[in-house]
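In what follows, chain A forms one complex with chain B and a second complex with chain C.
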Partner chain A sequence: MVSKEFISEFAQIVEQDPKDLHNEFDLTSLEEWDSLAAISVIVLVDNYFNIVLDSDMLTSIKTMNDLYGLIEKRVA
Partner chain B sequence: MALVTTNHAAIRGVAASVPDNPISNLVLEKNHDDIGKTSSAVGIDNRYVTSSDICTSDLCLAAANRLLDELGWDRKSVDGLIFLSQTGDYILPATSCVLQYKLGLNSHCLAFDMALGCSGYVYGLLTTFSLIRARGLKRIILLAGDTISKVISPNDMPANVLFGDAGTATAIEFDEEAEDSYFSVGTDGSGYESLIIEAGGFRKPKSNHTNLRKEHNKDKVIRSEEELFMDGSAVFSFALSRVPESIKNLLSFSEYKITDVDHWLFHQANKFMLSHLAKKSGIDEKKMPSNINEFGNTSPPSIPLLMTTHGKEIGLDNSSQRIALVGFGVGLSWGSTIINTENIVLPDLIYLGKGDLSHESIH
Partner chain C sequence: MKASIEAISYYLPEQQRSNEYLKQSHPEWPIDQIESKTGIKNRHVSGEAEFSTDMAIAVAYQLIDEHNIDKSEIDFILFCTQTPKYLVPTNACLIQSALGLGQNVGALDINQGCSGYVYSLMMAEGLIASNRAKCILLITADTYTKLISDEHRHLKTIFGDGAAATLIRSSEDKGIDSFVYGTNGNEAKSLISKKSGLSGLMSGAIYEADLCMDGSAVFHFTLNTIPKLVRDLLEKSGNSVDDVDLFVFHQANSYMLEHLRNKINIPENKFYLNLENIGNTVSSSIPIALYGAMKNKHWKPGSKVMLVGFGVGLSWSACIVQF
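Presenting the complex of A and B:
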């Protein structure tokens, strides 16, 4: 459900190579995963899926899979 | 969400003042390498920050004096004074009472304070317009200001880069011919902890504990409980979910199309948020003036400050316009309004220095 373009824009926010962002990638290990990144991701998800993620839920996730789970739950 | 129509009230003039003390974020960036990312995302190069000698009431007083003089309003003709701020002079009395005296207004004048932040100007206009519509009051001055810089921890770099200080005055008058105004307002108090100064009120009075700076458990910034805490991403997510909905409801309630509005004056929160809100609401950014780069986020006075700095450029001083004003923030609280305006008097922005305070003595 998540496109290549989405992952590539997400990769820019957290300053990583999109190829590295596999499903089990641990976001919490990144220095770049801060509140500013969270804001950018909220906007990115809103642009792609027209949903506004709850910031507390977003900052409590660990992996890319968790992020996809959050989006899926809201889209459904 | 409450939807309200009022009529018979018109904005006659708007004036603003900022402390004569610009602080450049570009200079701050040189000393703190971690804030460059923040200041470029929020789009703020500069802010005006007050000294300990200048209070919100002083900034509002200077703006009101200039405005009354340029409008040529007899001070005895003012029936009402509202002071909208989160940074008043005293716990009590209401700062509006002090300012009624300092402005030399008549004792028949109604005066009270309102305590709201970034949504406040829309609430202030709704209150003022409603008082005028109720008949009896002809002329009201709405003061909106804050000096949030005084309650920010020096270690809180995101907040230091974001907030500026300002005081404004708006003159509103009864006008039989004035067209209807439309308001859409709402509140979600479940987010009250997203923007908060915990200590200093009556829930948690100031003490030797509350002024100690320590690491905050949420954002790890060193601050005391007497200083402002902001959960930036929570406020962001709140604004994105509430503001476009509020605008949509306002448009359908007023039966105006988005293109019927000549200009959109948003609370100047931060640049990134404003452009996303515009996009999400389908508003042409060319119709959305902004002064965030020069003044930062000033809370309640940000919309009238924007009218002062950009009003002439968009012709508010010499034409009839339909404008929309949009505010949102601490509370959490939000509001938007569509107002018809005509030839608003817009005095030049005042840069208030310490030396000017003596001139602002009692009229």
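Presenting the complex of A and C:
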């Protein structure tokens, strides 16, 4: 459900190569995954899906799949 | 009777803190990256012995001088602050005395933060509409920097001290109206200074600044609440985005404001930002921005301006002002 463009913009936020951001990619291993990144991701998801993710839930996720799960749950 | 905003002045303390300055105390910190999110390069900080009430008196005199106001016409003082010099007495009473105003003047403190300017306008409008007052001096002033500990670098970049004075008079034809407001005290913990009142004074410990903010929670609240607040106000006042000449939001941080602007579809030239050299001055941010917008000719007599305040509380409020 997430597009290539979404992943590419997400990759910019966490300063990674989009190709590396596979479903099981561990976000918590990144130094860049902090509260500032969370704010950027909230904006990104709002732009693409028109939903505002809960910041606590966002900072508690581990993998890209968890992020997709969060979005899916809210879109549904 | 309507309540019309007739004049605004603002005051910033002399001492300044630039990003370069903050960088010196936190050399390992990527402040440039923070700057690209907040849009803030500089902020003003009150002196050790300079309190909101002192800044309020200074800005009131400035308003009187700058706009040639006959101060004997003032019949009510509203002072909005969350960092009063004293809890007792009412600081507005001290302001009445310092300005040499008569004893027939009403004086009241209002404790509200980022939504405080619009809330105070609502109180002023009520006093005028009910014919209890005709000429109201509304002062907003805060020294949030006194609540921020030296280690709290994120908060140090955002908040600046400042004060603004607004003169509101009764008017036949133009004025402030169509207020929309709300509260979510369940989220008060998102922005709080637990030692800032008697609980801190009574603790027996030496005062330590302890303001803390859950930035992403406040961000989340703003994105969820403000677009609807703006839509509700447009509907209530019978306006569309096109009918409004200028939108002045609480100057929180430019990244969030820019996202809100996009989400609400407000054209860039109708959205005023001026936090680069001032920072977030809490309840004074809207009147300071309004003053700047007027000087830069973004609004003039006859313009319709929407004011939107939101933040600590959590609390929000918005209104339309016909100048």
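The rule we apply is simple: the second predicted complex is superposed on the first by the 76 of 76 C-alpha atoms of A that agree within 3 Å, B and C clash if a C-alpha of one lies under 4 Å from a C-alpha of the other, contacts with A are read in each partner's own complex, and residues count from 1 in each chain.
Quick note on the criterion: a contact is a pair of C-beta atoms (placed from the backbone, for glycine too) under 8 Å apart; a residue touches a chain by one contact, two chains touch by 3 or more.
Please read all numbers here as calculations on a predicted model, not as lab measurements.
When both complexes are superposed on chain A, chain B and chain C end up clashing with one another. Of the two partner chains placed by the overlay, neither chain B nor chain C lies in contact with A:15.
When the two structures are aligned on the shared chain, A:26 is found in touch with neither chain B nor chain C.
Comparing the two complexes, residues 35-36, 38-39, 42-43, 46, 52-56, 58-59 of chain A contact chain B in one case and chain C in the other.
Residues of chain C that touch chain A in their complex: 33-34, 37, 214-217, 219-220, 223-224, 255-256, 259, 262-263. Contact residues on chain B toward chain A in their complex (touch as defined above): 37-38, 41, 158, 219, 231-234, 236-237, 240-241, 272, 276, 280. Across the complex, chain C is touched by residues 35-36, 38-39, 42-43, 46-47, 52-56, 58-59 of chain A. Residue ranges of chain A in contact with chain B, taken from their complex: 35-36, 38-40, 42-43, 46, 52-56, 58-59.
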